[in-house]
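Below is one structure, written out as structure tokens, with a few remarks after it.
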């Protein structure tokens, strides 16, 4: 099948959805003429004009506000926040408006926005261009957080997100943009709220999304040599996540590793560890291991950054620890 | 569209309706029938009435926290407005919203939001939607003088003017943000709304206690917006007679400031004398006042007699669309 | 000993610290002339004047910015954000500036600010005046989150927070403001980063802060009748929290309940459950039970609000569940 | 303080120093010696030089993301600026900060921050500290035209003017925010800085490629601030010759726009011909240029030869004060 880059897959989803539904429009800094900082919105402005592709000023709060208000009327805004670190600038609109509007107005309106944003480290850009802020969004009922790890999923999940009635924060790990993979040409949706077993196995379950998923799959290959069988699950939707798939897997393997790139304390894996402890207590033969970043900001120096962030080695070692427990 | 006597009489009725509504809400808030805290608009009825008479149910409205009058005049079932404030199942938002989060999307009330100023950002979106769909409805967003401190207002005005969307900022300047006077915490030349010029946006300052002036200024702004000439700001100078919320002693206000506003600038008295000058009988006006009271009393009855929400609805509406993996109730 | 209300204890801490150190100043909406929305800053403006007590406009981002910048020069700002829900409006300054400044500039400056804010439900004020946002702050290395549960602690922890070199978010549960308790007149500090065993016990450990601590202590009394002995721990500092005290207790009781008022998923207790699962796995005789809010926004109707938020009954039942496991 | 020839020669040296610095940084960024992405100020040297020559080490400076020139002229050890950009242990922030997060508190560089506009809020605090302590130092904060979209700027200007703090907003208007021209995304009357009037704040627009004009405007603003007359904004009209970051092809720029600016408005050429007109020998000026290059080459040497940070420092400085309960390294 045809190969596309992750960023091209996202771009194709946008093209196809804008073609399919004229209520879909795109806004963000430099998404028009320039096609986006990472090229994800290329060609849209030329094809659909400035009504449907808005180059905004540096006004993250207003960009989200505009998106929410337009969504309230039934439009389908896709708003690009250039780096995920900048959601701090529009956090109120996400938390107090997008996530709550449907509930507080008793279902009278929905906020079907998609906030696309580039997260993650490894880009050598330090504190304000490297964070993985999914944990900030985990304690906010009403929000959906989606995070693809391959070009195929990037296209299918973005398509589903645009079509969803829910407000969605869509993370694009910036170190994945140039990865390649098979992507069908026709448009398609992948289910939201559903995890994907990327590799079946029997000995240890590894939950890993985005960049971490690659490490987990690599570790699975490596450990096969030692006849250890990993089950690798990509949650795909981080919030609300698919408990069933996780529970089924842990019921089988009795061992769980959660890998995530954000700081360990209070991160994504905390909830999974807490939940599995609670609901799968009798199944666990070892404590749930979290492989994550040091509890530190992301320093500029590549040497320090690589030390702070979890890589393949850390994932592999974390898995071994759980096996050896 | 001029303001003939009939229209003015209707406005007179509406201003009385808001006044009575707020008085009753104050009473029942203090009695404990109404939960939470409540912001009243007594003294500001001309702002709400003048503005709302220009708008239709097709226009998008974003009321602020001092919202009851706006909700009442949007075209909603008025008893459902009251029931919402009483946290009843029969309220516009099934008792989930309350005074600070009332929407009635059917009539273009897009809901208020208790994070002051955030609606200035949200309202960009409905205004953009009108432009997007080439419809001629406009969006009106209400803010107070204190809310002018918020960064979102700046972002909104800059984008609104750049995108030339049909958005009208109704700056209801009642002189105070809770205890803080506008000039104590802000810096501006003569008026807060002079800042609109920095966005190349027209603005006007009018007496917010003169319903005709409010109406006319709003009409000009709406006409500009409907003609594709973009956003504007109108600043309505007014005063709230009560404290910031029902029960606030408001001891931060100097001497006889309230009394002066009550005596010299009551928007209802003001309109009444205008109508009397135009030859409307005192009896006719008295009758309007009585009718307003009666209508409000019926709303209170309705609210008091309505049931509370059902417990099983507590987790309804969290997600607009449920994912397959979600269990019931989530 | 003399009794003070929670809000008066806070007020006294501010008075004494402003007296002691002229670098301490206060800013916020209506903190001056009016003495604060909950009366916590009463009398300061009259005594110290407008230089040290600033009535600000509704400009949360600038208020935090001003605080950070002033703190960089060695001043000690105490900034009141009227309701904790509004930290969304200054989230960038907290996350990307206060929390990171010391680290990213290699220790050249510190951001010793105290952000005081009223959190919690039960006030019948719904979505935007009721949240418990501590979880939003748990994945941000560098920040300290403090939360007292009694007037005595309110004074001692606020004093310590003002004197600390670290940026601190200080939660004041609004339903505690009018509770009373013994408070010494002289100024005193209570240690940050240290949990407090509020009641010793042997059967179940209950971790509970702010309003939940009261419920836990009440449950302890109730269960004494059944000869069940609870150990109640108030973390006091939520981030970074005192693992040792928690681990010691769990080593003894082998059973843990974490009670918190925020939505359950992704909340404060997720990290504690995850951590205890990881480091105390062999000690646990039952899964870590989390008693928390439903995963829902806080509705306006008191009937719904009371249903959504955890109360004494829920805490008691949660504890019983763990005992009966 | 006038601008005599000696001072102008010093400025000439500094502008060359910045130019050479940026060229070297560009080179080593493209080579891969410098991690991350880098924003260059070639073409904008007069803005940075003119402003910095008015300020002293006691004044607080908040550079923006296009910061190198500001850092260089703050009084810091210049090789440590370079080493920081190279992520070296010998850098001003021990390699932890990099181009977008360089501070040198000793000389009043309070650090830049890669969240555009957030320093407009932070800078309020240092300016307030000067007022608080009754000191006569001022704060200068740098922002670009694109950054004028941020709500924090509005909040900052409103509070700064209300509190009358000694804060100067240096609006470096180079016409673009990445690919987006100011007039494409913003709405303003003639100039972006006209908005200052809405806060009752003085502002000036000057040719940002004429170092004398920049200096003089800055001097006026600083004098106002030191005299307790509060904040002002100066808008410097300029142009960046490179793309947004080192490596950006900048194909969004029309035709020969860059060439025109290079030929007609080079700030260095401009000052050179002024100095020559004042009788300064070409040889003297050439020598200054050579010296600048040499100085920059030494900085690069220093940076290249410096060690990387130590791994054990990765978790240093997370908390300024450690709690008893913390284990080592946390």
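Letters are used for the chains, namely A, B, C and D, taken in the order the chains are written, and counting of residues starts over at 1 for each.
Basically, contacts are C-beta pairs under 8 Å (C-beta built on N, C-alpha and C of every residue); 3 or more make two chains touch, one makes a residue touch a chain.
Bear in mind that the values here come from a model prediction, so they are computed numbers and not experimental data.
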Exercise for review: Name the chain whose C-alpha centroid is farthest from the C-alpha centroid of subunit A.
Suggested key: B
Practice item. Looking only at C-beta pairs in contact, point me to the busier pair out of A-B and A-D. Key: A-B
Study note, to complete from the structure: Separation of the C-alpha centres, subunit C versus subunit D, in whole Å, is 40
**Study point:** Computed distance of Cα centres, subunit D from subunit A, in Å
**Key:** 35
Exercise for review: Give, as an integer number of Å, the spacing between the C-alpha centres of subunit D and subunit B.
Suggested key: 45
Revision key, fill the gap. Where subunit B touches two or more other chains simultaneously, the residues are 93, 96-97, 101, 113, 115, 148-152, 155, 158-159, 162, 184-186, 318, 330
Study note, to complete from the structure: Note: subunit C residues in touch with at least two other chains are 56-57, 59, 61-62, 85-86, 88-89, 92, 96, 103-104, 126-128, 141-142, 240, 295-297, 299-300
Revision key, fill the gap. Interface with subunit D, subunit C side, in the complex: residues 25, 51, 54, 56-57, 59, 61-62, 64-75, 77, 92-93, 96-97, 101-112, 141-142, 144, 164-166, 191-194, 237, 240, 242-245
Review point. For subunit B, which residues are in contact with subunit D within the complex?
Key: 148-155, 157-159, 161-162, 184-189, 194-201
**Study point:** Contacting residues of subunit A [partner subunit C, same complex]
**Key:** 85-86, 88-89, 91-92, 95-96, 99-100, 103-104, 126-128, 133, 135-136, 138-142, 239-240, 262-263, 265-267, 269-279, 281, 284, 286-290, 295-297, 299-300
Review point. What residues on subunit A touch subunit D, complex-wise?
Key: 29-30, 32-34, 37, 55-59, 61-62, 85-86, 88-89, 123-129, 294-297, 299-304, 307-308
Check your understanding: Contact residues on subunit B for subunit A in the complex?
Key -> 60, 92-94, 96-97, 101, 103-105, 110-111, 113, 115, 118, 120-129, 131-132, 139, 151-152, 155-156, 158-159, 162-163, 316-321, 323-326, 330
